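What follows is a pair of complexes built around chain A, which joins chain B in one and chain C in the other.
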Partner chain A sequence: MSLEYKIVNVVATCDLGVRINLANYARTNVASVQYNPDVFRAAITRLKDPSSTILVFHTGRLVITGAKTCDTARSQADRMKRLLKIRKAPMSFKVQNIVTTASCHKSINLVALYAQIVTHAQDKIKSVTYEVEIFSGLQIKLNQGCIIVFSSGKIIVTGFTSRSLINECYDEISSFLTQYGSSFIRASSIGI
Partner chain B sequence: MSSLQCPIHPDANLIEDHRAGDIICPECGLVVGDRLVDVGTEWRSFSNEKSGTDPSRVGAPENPVMGASDLSTSIMVGFGASDSSQGLANAQRKNMNNSDRQMNQAIGIIREMSERIHLARPIQDSAAKVFKQILDSKALRGRSNEAQAAACLYFACRKEGVPRTFKEICAVSRVSKKDIGKCFKLILRTLETSIEQITSADFMSRFCGNLDLPIAVQTAATRIAKKAVELDLVAARSPISIAAAAIYMASQASKDKRTAKEIGEVAGAAEQTIKQTYKFLLPRARELFPPEFKFVTPVEQLPAS
Partner chain C sequence: MGRTCPFCSSSEIDEDPSRADVVCMSCGSVLEESAIVSEVTFQERAGGHDIVGQYVSRDRQQTGLVGVPGLSRTESREVTYQKGRKLIQEVASQLRINQHCIETAFNFFKMSVSRNFTRGRPRSHVVAACLYMTCRLENTSHLLLDFSDVTQVNVYELGKTLSNLTRILKIQLPTTDPCLYVLRFAIMLEFGDKQKEVVTLATRIVQRMKRDWMATGRRPTGLCGAALLLASRAYGFSRSISDVVRIVHISDTVVRKRLDEFASTPSGGLTIDEFASVDLEHSEDPPAFQEARRRAREEKRKKEERDAEAATKELAPVQKEIENALKAKLKKSPYGKLIASSVGEDDVDELSSNIGQMVREEIIDNVYEYADDDFYDDDPGPSSSRRIDCGPTLEFLGVKPNSSIDESVVSEDEEILVDDNDFDDLDDSEIDSYILSESEAKLKSRIWMKRNGPHLVEMERKRKLRQEEEEAKAKDPNRKRRPATRKRDPINAANHSDAMAQVIKEKKLSTKINYDVLAEIENGTLEILDDAPRHAHMTMPKVLKGEQIVEPSSPAREEEVPEAPAESSSPPENPLANLLSPKPAFRRKKQSAMAACLADAAAARMAKAKRALAAAGPPPPLSPTPKRQKRDQSPVKSPPSNPEPRVTRSAAKSKV
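The block that comes next holds the complex of A and B.
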């Protein structure tokens, strides 16, 4: 069972290296920039095509969110550099988090899945939580990232910083599903 | 006591005479030991006695949960007391260990919460023990005492096999469900235990009791819930919603009908959730009911929502 995943969100930080006057910046770009210093000490820039949201701090650091790929995030950082009229190249760019979703297209019995994980996968994971009253998904915390499984079969993998780690994670999930899946995968497909 | 022996009959079992404070050999009547210290109570105090002070010189027994330094004797300061006795009371208060004070406070909170939902003493003690463990581990440092105590209580109920829903614990605590949930997850991680998942059956007797439903309806609802899970009709639903929907179905088929709203209030489930879960149960209603169930409203006439 191969799991195809889709990257839904990439969060990255960048340092442009120069101080920025946020008030001026906000004044010149009224349309797409929000700056309320008493609410939050950063200018919130919303770009379109590709769309993303960028927080600009007066130290010159940026937080880029909403990008759909890592390259988009990088290009948005360059775009901001031009928008802010900065000639220095961005100093550091680091992807902080990649959020991905996937589906195994079968409905899952989370109680049984929990039991299987507790017995078979304790060495690879940091912790597993399934509390129905608190959250309807089963949450697996790994050393670096986190996996959330819903009973519809949808899976969210988040917290990783590179594609290779994500691929590894999904491979692990696939192998676990094929190995132990019979005990927690429901024969009927989702129609709930 | 065991070192005492009658010199003539070393194998004889010696008898204690409490009235005279003697230990006597039954064979020959020799008094082997005398001046036996009576370890019973010195004074008995009755509630209707008008004496101002309680002459008893001992306090409550040592509580292992509270730590070894718990001496329940505390210096009481009367109204308009002299400075020296005030000073003594302050000194005792200052001397009290921080963790002991927190422990006392937590035990008080747990007792108060348990009183309101009528939890048995063993559960309260279990919750206090859990609290002591997490207090020692310092894992839940920043959390309020109330949140920690509520989470301990929830954990103790779950561990003893009589789970209470988070909403029930919320109802008797000042803390929000979110905070109790966070503390509970931390407790699980600290104690490194895993506990049983909740099932609908755990809540049946309590919910049905609160709704004044007869035992027949309760057994029917229990069976409906169990069968529904077996037949996999309610895949993604919380056991509490399933229980509530099962009670709705069972009560609607019997003489004592309850509305989804009433059940929702007792179970802590939303009315819409109950109705939606009920819709999943309805198609196979006939199989879900126990075979001996007496239908006042037959299956065909059960409400559609």
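The block that comes next holds the complex of A and C.
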């Protein structure tokens, strides 16, 4: 079973290297900038097309969220550099988190899945949590990232910082599903 | 107790506590006398007979030794256990948890204390987690919500603590079964005599829900609530949703939703009797999965519709062409003449065939136009009025015209965002679109200052304050100055022994060593004399005597060990004795230890030398002797005049 995933959110940080006067930036420069220092010490800029939200701190560091791909995040950082009218070239950019979703198109019995993971996959995972009274999904914490599985067959994978790691993770998931899936996947559920 | 006599192997043994004897009845041998018994004894006192001894509880609560000074009253861990136990008792009594569970929970608590789990966590969290874990393992019908109510802690925090605890204690908790909670809630709903039947039916419903995959990922209480509602209605009890909500701790939206979901399953369509008797084989997909599938299907359908429309639009001109061709054909055909015959050549004789043709064509065009208008007109209002000529109107027929035939255009929806990827030429115009114009900037500036101005002033003030503080601190004359650490000169030495020598010189490693003597040893100026005869189990000297010991290593290597390869038979004076001499007696042990270290080094070197020599005779075992030296040196009190070779066997070895 091959899982096709979609990247839903990319969070990245960037250091522009110069100090920024946030009050000036927020007041006069740009539309769609929120800066309320008594609430939070960063200016919140929202860009469109492609849309993303960027937090600008007075040290010159940025936090970029809401981008749909890593390249988008990178280009947003460039845009911010231009918006802030910063000519300095060096900029350290790092993707911190990539959130992806996928669907295996089959309904999953989470209780059975929990049992299977506990018996078979203990070496790769840090912990498994399935607490129905707390959260309706089954949460698997790996060494670097986290997987959430729902009974509708939808899977969320977050916490990884690069595509290759995500691909690895999804390969592992699909191999686990093909190997042990018969015990927790509803046999007759048909995909779309 | 099954004791047997060791002499005659008889098991008839008599124990008499009054005489404190244990005697064998068959052979008469006394097995024990004055045996110590552990019985409760009483003594006579003024008030009556009192028990001897004190009652000591299992948890070692020390109440007896109050008056002894210097003895801490209770250990910290005991205190932790006591407090934990007390809290567990409190919480458990409020939730009516039985004693066995309390004991188990206390054991969990003790385990968590030993794994440092209670540090940095409020005790109530840990206690609640331990108790809930016990309840889960015992399959009681306690919810995490109950613990949250009692301890007034956020249920999600408790959940986090619980998952941490299970991870640390490496315990897997069984998953909650909704059927467990049915009885508990049924009791609270007060069904009276019919409680048992209601509970049975509700349990069946819950099981059916589980089979229909309604239960994965859902709170068990919601399912219970819905099931109990159905069961109560089935038996004629009028329990409303709000009753259920009050007892089950779940909101009414959820209950309604569960009811709807159950109704949409095939089991939901059965009557009560049918349900009670028949158990359908086929199980349903979970509702979330059904939702997702339904949405996907909807999307697909919409997409297809849109595609169809686009296709139709494409086809329209082609269609028109075809129709025109057909029309032309019709005009020439006899049918055309038939249509136009009413207005025809009969009346007007002058009409030539051409004109007749033209007129006929005109008529047919009109007919087509009329038909086209009716066909292609999207606006139903006027067309319905125009249709009066054609025939009976829809109103006449009694059918109301539906004004909203169909939304012409499906709302352009939110599925796929076009993701434009050309950022190579991100031109300034786009950036400029973000930047405000002068007037806009002024306006925004005014608004912003109004909102955030005071805060800016505050920030400025705080910054100034902090600066002043720092300046004051820098200038403070009373500031303690740390003594500047003197920079040490780097050590230049040819080899490690020189380096060691320098370090020792500088640092003066110990005050108990006579460094002068050490220096003398190092320089080799110390004369080595020893008159004492050889000890019996020193085989080495025999080999050494009369032989030149060629030192395998350079003389500078060993600074503390005398390296005289002399073949003199005179026993060496104890060089270490000199070391020992001026010092008071009680320090000798330390010196002897030092001497032992030196001796070890000497012995090792000697062994090496011997092996290198390949002399006759096996080398004696050197390792056991150093230990013996230590022991032997302590009783030595008057070293200088003592010619005993045993004083320093090392010296003896290291000589010659």
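The rule is simple: the second predicted complex is superposed on the first by the 185 of 192 C-alpha atoms of A that agree within 3 Å, B and C clash if a C-alpha of one lies under 4 Å from a C-alpha of the other, contacts with A are read in each partner's own complex, and residues count from 1 in each chain.
In this text, contacts are C-beta pairs under 8 Å (C-beta built on N, C-alpha and C of every residue); 3 or more make two chains touch, one makes a residue touch a chain.
Since the structure is predicted, the reported quantities are computational estimates derived from the model, not experimental observations.
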| item | value |
| --- | --- |
| Three-chain arrangement built on chain A, chain B and chain C clash or fit | clash |
| Partner chain in contact with A:82 - chain B first, chain C second, else both or neither | second |
| Contacts of A:183 with chain B and chain C, given as first, second, both or neither | neither |
| Touched partner set for A:151, first chain B, second chain C, both or neither | both |
| Partner chain in contact with A:111 - chain B first, chain C second, else both or neither | both |
| When both partners are placed on the shared chain, which of chain B and chain C touches more of chain A | C |
| Chain B/chain C common contact set on chain A | 107, 109, 111, 114, 118, 127, 129-134, 136, 150-152, 186, 192 |
| Chain A-touching residues of chain C, taken from the complex the two chains share | 143-145, 155-156, 159, 162-163, 167, 172, 175-176, 213, 216-220, 283, 285-286, 288-289, 291-293, 296-297, 300, 417, 419-421, 423, 426, 428, 431, 434-436, 440-442, 444-445, 448-449, 451-452, 455-456, 459 |
| Parts of chain A lying in touch with chain B, wherever the complex brings them together | 107, 109, 111, 114, 118, 127, 129-134, 136, 150-152, 186, 188, 192 |
| Of all residues in chain A, those that touch chain C in their complex | 23, 26-32, 35-38, 47, 49-50, 68-69, 71, 75, 78-79, 82-83, 103, 107-111, 114, 118, 127, 129-137, 150-154, 186, 189, 192 |
| Complex contact set, residues of chain B against chain A | 165-167, 177, 181, 184-185, 188-189, 194, 197-198, 232, 235-236, 238-240 |
